[in-house]
């Protein structure tokens, strides 16, 4: 069973210039960052790479649409390990990711303890990304539950891959989010790149669309083309608006690409047979006369230089001291 | 006096009122039942969850992340074993994020044998739980400690596993909970849900007072000079009783109720073993890769030259389950007779 | 949200006399057995009761329709703890259940180790019922997988309650049974009695019907009135025939009653506000002139006496010896 | 010589051909990848499962029930912790049914540190697994043992947990697998999947012969008289190396490779400790409620009066994880230097 490549065509009014230029800038920033992380890995400046090149259209949109802040009045993000573009769109500096790659003591997400792409930023409600697949889906209803009680329009957003939906935790998320006793303001996202490491989705998914699994629970669901920046933005906007207002769950599946394979364990080489959302974006910008090729190249050069400089800086920073293993087993908060 | 179920219930009421507890939840925790052991009857923040232990632990973590203070229940610890990854995750979240996130959450779950619970209502959880870093782990053996440990647990900034020895939940205490009325029947009338229709019932809470049993502090239940006996949970009262019995035989055993398994009161154990030179650890978890073995390791590690005899462990047999028939349960986990024998033997040992 | 009481009305040709009389006999046998078990519990001849009074119409039908035998050519049953009627319909002697209640050494299912209702009979492909809710749904696709490969028409049947479907294992069963790479011959049953111990299903299930959860997986699904003996039999027959022939999964939800509450822990007293399938059956038999009240009473008397006698026998049998705890940790098979 | 990954692969091929293995499955176990560590490349009964560890263990149980013989893989033991209830169930099925059902199934999973795996690719699983009754548990430290233990595992009638020390999977052996060709490059050509398109590739299997390492039997890797060192998995070669180094310093250590953790070769340990009077247990699981603590308990239980020094455990620090940075990993789990120090100290101890 194979799936239609494009499930949904964008038929809405195009996004305005300013937003598109902003999105493009962030997408380039994210792509350049990931490519730099891959380079670092290949040069021996890190042990493992995993990240989100190919998901920038969707992930940037998500970051731009989130309500950033700390506590239940703001949005929570329970993300997996391909979400760098969302962090950047929220305003995060790329150097943090580089530091985590190099596992320096300055790594703001884990102090040199965790793999690349494993973000955590409590001050913006970014829940820690953890390696075990799908556990975030079991946790996310908890933040949504507090938000529901708190009032306001803060929502919980949880993301993960297609293969991982086979874990029971994905079902738990659907069950807990749609309880008639307390439906939750949660946007449940699946980024479907049609792979789990080396395993093609075709043989593993009896569902036509992963999103269909929400239907039995009376949830709104949709499967979208996450490679199209405008579709991604507009569909996310609609889904988020629904959850914010109705305080009810929405299951959104975005078809996306995996442009450098699964991770460094599979070589982290560019694949040529998948749609590249950045190319889609740039063609559109050019077609519509919003940016020229030269302008776009300049954006890439700017980010390449800036991030290369940050990488140089990160490379010189020290590793955490051995005795720091004993720090933070328990909270120092009182 | 209150029994342990009532004591925990009162502590949870205190914690709802004074310590910011926002959600007491789990399977059958809310009305009408209020918990299969009645522990959560009449509380104001209880609710019934789906039958999904992974969801229960996950949602507790999420609530803690968003500023709530959950007390989540796993109905029997026998059903916690599909959540060990989540317990590990809860325990490593602070460390993995270099201190960015912490999870103030309590998980409570009944443990142990003693109610003819057969294979799946008799498990112990102390061995598995003490192997999971980042948690604090407590287990009371009487109502007052149960009250004080729950209050301490609800004040922590990190995950606390609160183990309820199910055989002791219905047993009344010998000390009064601060604030509980003098009359047990009055207490029951006030806070035990009635039989039949409960839809209009509301608990009448006594004026409870704060009382903390600090996490990490044991208690000398009976001082003695010849043998140290360290236990917790269901087997603790049996150890105390054994020591009493043996006093008549001229064996003077010191009995320590560990109360907290992590962190635990090593100073108390050390002082006692330095005095007695002999120590028996008693618990009812299966005996291979058992927490008592950790305590023995630490004992030989630090007190080897104080020992007059090999430190001993009396624990559950290494069996796939505890059988339903009385004959089987009695043969599988330590009973009074086993404890008496073990203490006698240790006391008699000549170096 | 409350559900329609009868989802499906029987509109097929009625079952023939002989089958109905046989079903009635088995239903009475099962009911009398369960009531005896409850009595034993109340009299202190057992520590705990749990069982299936209220599910006889459905469970007897299931037993009658199963292909009994050992190995993948025959049907496997992965049941939960309310399945005594199925065992009896397969031809099991009731004394085994009484022995398990009394935890005697002669208990054929667990040697006095396990609770009442925890059957196991390898020679008939009856997988052990275990106390943890829903794990059988994770195991069942394994026997179905071997059957698929083996060929023939043996199928796997798995049963469990409504509340338990919140566990991830239920979702795992749907995922593993419907993989395009290898769809499995498995009948996935949910007996919906609208309760999980004390928790009403209304507040917990966002699904209108639990069976709807199979739809996303392209599975055939149905919700039936399991309290109607004829509906139960005919729907099961159709579902089983489909799985046997097509070698594909079917998700069947049967609405049933819980006539003595959850278990002895909740008192095990008869409830009067739920449909009693045995009454439904007896009314029908009388209406259609198949059996008279007196004949039916005679059936009950016969079973009551027979089972009381068995209970007396079981009560006198010894408990397992303490040292037997060491037996069967590992198999003695070579 | 074959490396450990190749050795296990060859054993699985042998088991498919001769021992009735029907299903080798798990995440990415089948083509095209053949396992994240290449262990299952080219085998005929492999298939890729959904990303669902609970399904993997459950389905393995079901296959075993229906007369198949599964070898199921959990991609990293770090991801096995949501299945502990199922592992317990597999381990109690025979006992709970009074011998009616047994489950001939093997679960294999990579364990341990040594590949800079950070928090979730560095876990050990020996402590948790040895606490689960009804299983046999093995862990090889070299390719030949890996081959022989897998063959033994596939002959068992009960569940076997096969732990693969991931730091050793790429290391070549010093002994030849019976049947493996003399030329390593030839072996690689025959059984390692090529880079690029593999859709037409088939392994060319050498004529492998049966070779069993009996479950429950350890191996004296280096005989010695002064100190006994008992280890397994990643730390075993380090212990052997340490003993070699220390021989030059006049410290004569006996090194035992336990190989089977349950049942384990107590006779071998006992004989050694009776001889040396000193024992160091080394493993890399976290050190609280650690299997090495069981071994220490048994040592003091049965050999107290043979001991010339307190038995010691060198294990992983009790931390929520192993940090990615080299500095952190080195400080968290035993390294060669730590083992050298521990043996030296123990050897020097005067009773």
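Each chain gets a letter, A, B, C and D, in the order it is written, and its residues are counted from 1.
The rule is simple: a residue touches a chain if its C-beta (ideal position, glycine included) is under 8 Å from a C-beta of that chain, and two chains touch if they have at least 3 such contacts.
Quantities reported herein were computed from a predicted structural model and do not represent experimental measurements.
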Which of A-D and C-D has more C-beta contact pairs: C-D
Most distant chain from subunit C by Cα centroid: A
Centre-to-centre distance between subunit D and subunit C (centres being mean Cα positions), rounded to whole Å: 41
Centre distance in Å when subunit A and subunit D are each reduced to the mean of their C-alpha atoms: 37
Centroid spacing, where centroids are CA-atom means, of subunit A and subunit C in whole angstrom: 45
Overlap residues in subunit B, where contacts from two or more other chains coincide: 48, 50, 52, 54-55, 79, 82, 85-86, 94-96, 119, 133-134, 319-321
Contacts with 2+ other chains: residues of subunit A: 110-111, 113-114, 130, 132, 166-169, 172, 175, 179, 181-182, 203-204, 329
Interfacial residue positions of subunit A with respect to subunit B in the complex: 71-72, 76, 78, 107, 109-111, 113-114, 118, 120-122, 127-128, 130, 132, 135, 137-147, 149, 156, 168-169, 172, 175-176, 179, 181-182, 327-334
List of subunit D residues in touch with subunit B within their complex: 54, 79, 81-86, 88, 91-92, 94-96, 119, 127-128, 130-131, 133-134, 262, 286, 288-294, 296-297, 300-301, 304, 309-313, 318-321
Contact set on subunit A toward subunit C in their complex: 1, 166-172, 174-175, 177-183, 202-209, 212-213, 215-219
Subunit D - residues contacting subunit A, complex: 27-28, 32-33, 36, 48, 50-55, 78-79, 82, 116, 118-121, 317, 319-321, 323-328, 330-332
Partner subunit A, residues of subunit B touching it in the complex: 22-23, 47-48, 50, 52, 54-55, 57-68, 70, 85-86, 89, 93-102, 133-134, 157-158
